[in-house]
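Heads up: the structure comes next, in structure tokens.
As written, the chains take the letters A, B and C, and residue 1 is the first residue of each chain.
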Amino acid sequence: MIHEVLARPAPAGAPAASGALAIRDLHKSFTIGGAPRTVLEGINLDIRPGEFVSIVGASGCGKSTLLRLIVGLDDDYRGEIRLDGERVSTTSLDRGIVFQDHRLFPWMTLEQNIELALLNTDVPKARRAQIVAEHIALVNLTGFEKAYPHQLSGGMAQRAAIARALVTEPKLLLLDEPLGALDALTRVRVQNELQRIWMTQRSTMLMVTHDVEEALYLGDRVVVMAPDPGRIRRIVEVDLPHPRDRAAPLLHRLKDEILAELTAAPSAPSNLVHLPGREVR
Amino acid sequence: MASAALPALAAPTMRRRAPLASFLAPVALLVLWQLLCLSGAFPPQVLVPPSEVARTLWQLAETGELQRHVGESMTRLALGFAIGALAGLAFGAAIALSRLAEVVFGPFFFAVWQVPVIAFVPMLVIFFGIDEQFKVAIVILAAFFPVALAAFDGIRGVPRAWFEVARVYRTRLPDLIWRILVPATLPAVVTGLRVALTRAWVVLIAAELLAADSGIGQMMEMGRQMFRIDVVLAGVVVSGVIGFLLDRGAKAIERRASRWRAA
Amino acid sequence: MNALLSRSWIRALIGLIAPGLFLIWWQMQAQAGGAHALAFAPLQSVGAAFVELAVRGSLFPDMASTLSRSLSGLAIGGTLGIALGVAMAIWRPLDRVLNPLLQAIRQVPLMGWLPLLGLWVGTGQGTELIVVSLSAFFPTLLNSFEGVAGVERRFVEVGQIYGFTPLQRFRLILLPAAMPLILTGLTQGLAFAWIASIASEILLGVGGGLGVTMQLAQMQQRIDIILVAILVTAALGFTINRLFLRLRQHLLRWQAPLR
């Protein structure tokens, strides 16, 4: 059933393997209280079609701003953002996004919420109900089609939001701390589901998170960002096949490394107390 | 979440208005009104220009008639509001603090509350005639209910946790009242007082239209009976300005009283 | 004591004490004679007046007139209020131009318009309807404006992402998001229209209605009829308000229930 969705031919004119994102010398600044403040500086990033890239960083490093620029909600930037060679200036059905707050419309049922994403596509009306049902099944929410968002748990609502973002089959799916508001156990479950969905869909995904473990578990690469102004500190390759084992030693070693990097003070204060027995990397 | 700080998310619900534009519109309206009248589109018994209304107001003020009407109305409002608000405050506090009082008087209070205050006018006229007593009584009624309800809601709305904090710190009763109960209920009560004041003003005007020998409402009604549209319009302007000032004054007090509350 | 008060039927019984005492006091005043006796109709005559009005009199036509006046006023004032409020929130220049004017009109006590309208359109049913419509207009206007102006940016962004047209944005996002406040405005408008109907009927005394009956009864010194009219006004007002809240709850069933 899901295969049928996936086998749906790509829109005419689009190359089969698409969803390549290229970011060149991206600068972004806001004016806050009359004073300009640089939020993103010199961002360069290439994402291959079908790749899963995670972005981690301290709060205020501009990672959410970066996603808003890529999705096209904000076109006031310097530099270039190109998806399959085309410059991003406004929103498009090629780029989907899942926000931290699920942003389902409270006045619509789950089904209606997902269907609204198809409103301005050229999918024939007769096919829409079926496609919506398939995507509800994809995120394991069959049976809740007529539920209003307030009747869903946090994890269910977030899965519904993922279904809504996927239903237009975007070349690039952006995930802005999609699991940030969930409790620890639900989070692990939805992470597993996200991995399964990505493996079946194989669309390009770019996820912002503040959870290093999550970033490593899902990402082919992890972009580590530094704040003030937001810039890329380093990019970590995670050379492990999917589906992954959470207990993989490589993931744990990389996690310790990235955490150490993120928590290290820019210039270590000299009076810092060193705990005995602590391994220095 | 970092994006919460983005200006793009914060801006749209804010209402900024250029002060110039807000003055421009009424002035333009007055000019339009004046021009319409000068053009002769309306006969003078239907609409007189603002200049005419201003002249009438001036004349009324010069003879002292305006001051007398305004004075009468304000005296009734002040007297009735003071009595009604105090009674409402006492009653609302009583049924909020005592469970017995709530059970005894609550149902009766909420039943009478269903009646629009204005519907008591014919009954009060039979009780008190159309004299001063009647108008003060209707203002008392109009003020009593909103204040009583606000006091009740305000006291009942004080979070239990605050009393628990007071117990943890072994706060003495006077301190409990002055430092917790009064500041916590003040915003709701002051809001109730403001609502009561505007309602009382509206009801008083209605009562004066019906039965009075003085007051702004009576001035307008007399103007109507003598086909003096300038006097009626002057009354509309004066009653509007008084209503505006009452509301503004009460709102200024309200803001002071609820400073601690987040906007 | 508190255990006793927690039983609902005991509470209801105690709740009857105050009105009961009041009625006894009233009856005593009515039978005592003297200067005030006229103002205190004995209870049996109030009952008789109720039967008289209900069976042979104008009670039901009165209820129908007042009700239809309120609802017509709500329909006119509410429709204008919603349309203008929504338009002003979507297109801010309109708000800038109209807001000062509307604020100025709003300051005048509602019944203060009666003498002016009396000169313009006469002291008939037309004036009553205008005042009732005006009373329903402002609460719906203000609430509709706040409702649309306060729609959360995050929902509008979802529409942007899925390429909504302006019409889709209005129909699928702005209107449903503003609906709770629009309905609040209509509920307030209904309450105001009800009060304004009674008030204008008392003041103008034309076109039939509970207020007109009160006014006539006052001139005939019939306190019993006035009391019947007051009781019916309260009961009817309470009922339509309840029905309206039910309707509101049904329309807003997508909202999480409180508590």
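To be clear about the criterion, a contact is a pair of C-beta atoms (placed from the backbone, for glycine too) under 8 Å apart; a residue touches a chain by one contact, two chains touch by 3 or more.
Everything quoted here is computed from the prediction, not taken from an experiment.
Trainee: Starting from the defined contact criterion, work out which chains touch chain A and chain B both, please.
Mentor: C
Trainee: Name the chain whose C-alpha centroid is farthest from the C-alpha centroid of chain C.
Mentor: Relative to chain C, the chain with the farthest C-alpha centre is A.
Trainee: In terms of C-beta pairs in contact, which of B-C and A-C ranks higher?
Mentor: Between the two chain pairs, B-C has more contacting C-beta pairs.
Trainee: Return the distance between the CA-based centres of chain A and chain C, expressed in whole Å.
Mentor: It comes to 51 Å between the two C-alpha centres.
Trainee: Calculate how many whole Å lie between the centre of chain B and the centre of chain C, each centre taken as the average of the chain's C-alpha atoms.
Mentor: Using C-alpha averages as centres, the distance is 18 Å.
Trainee: Two-or-more-chain contact residues of chain C, please, as numbers and ranges.
Mentor: 154
Trainee: Residue numbers in chain B touching 2 or more other chains?
Mentor: In chain B, residues 8 touch at least two other chains, as defined above.
Trainee: Could you check chain A for residues that touch two or more other chains and list them?
Mentor: 73
Trainee: Could you please specify the touching residues of chain B with respect to chain C in the complex?
Mentor: So the residues of chain B in touch with chain C come to 8-9, 12-13, 15, 17-18, 21-23, 25-26, 29, 45-46, 99-100, 103-108, 111-112, 114-116, 118-123, 125-127, 201-202, 205-206, 209-210, 216-217, 220-221, 223-224, 227, 229, 232-233, 235-236, 239-241, 243-244, 247.
Trainee: Could you pull out which chain A residues touch chain C in their complex?
Mentor: The touching residues are 71, 73, 91-93, 95-97, 99, 101, 103, 105-108, 116-117, 119-120, 148-150, 168.
Trainee: Provide the residue numbers of chain C that touch chain B in the complex, in ascending order.
Mentor: 1-2, 5, 11-12, 14-19, 22, 36, 38-39, 96-101, 104, 107-116, 118-120, 149-150, 153-154, 156, 194-195, 198-199, 202-203, 210-211, 214-215, 217-218, 221, 223, 226-227, 229-230, 233-235, 237-238
Trainee: In the complex, go through chain C and note every residue touching chain A.
Mentor: My answer: residues 154-155, 157-158, 160-165, 168, 172-173, 176-177, 179, 253-256.
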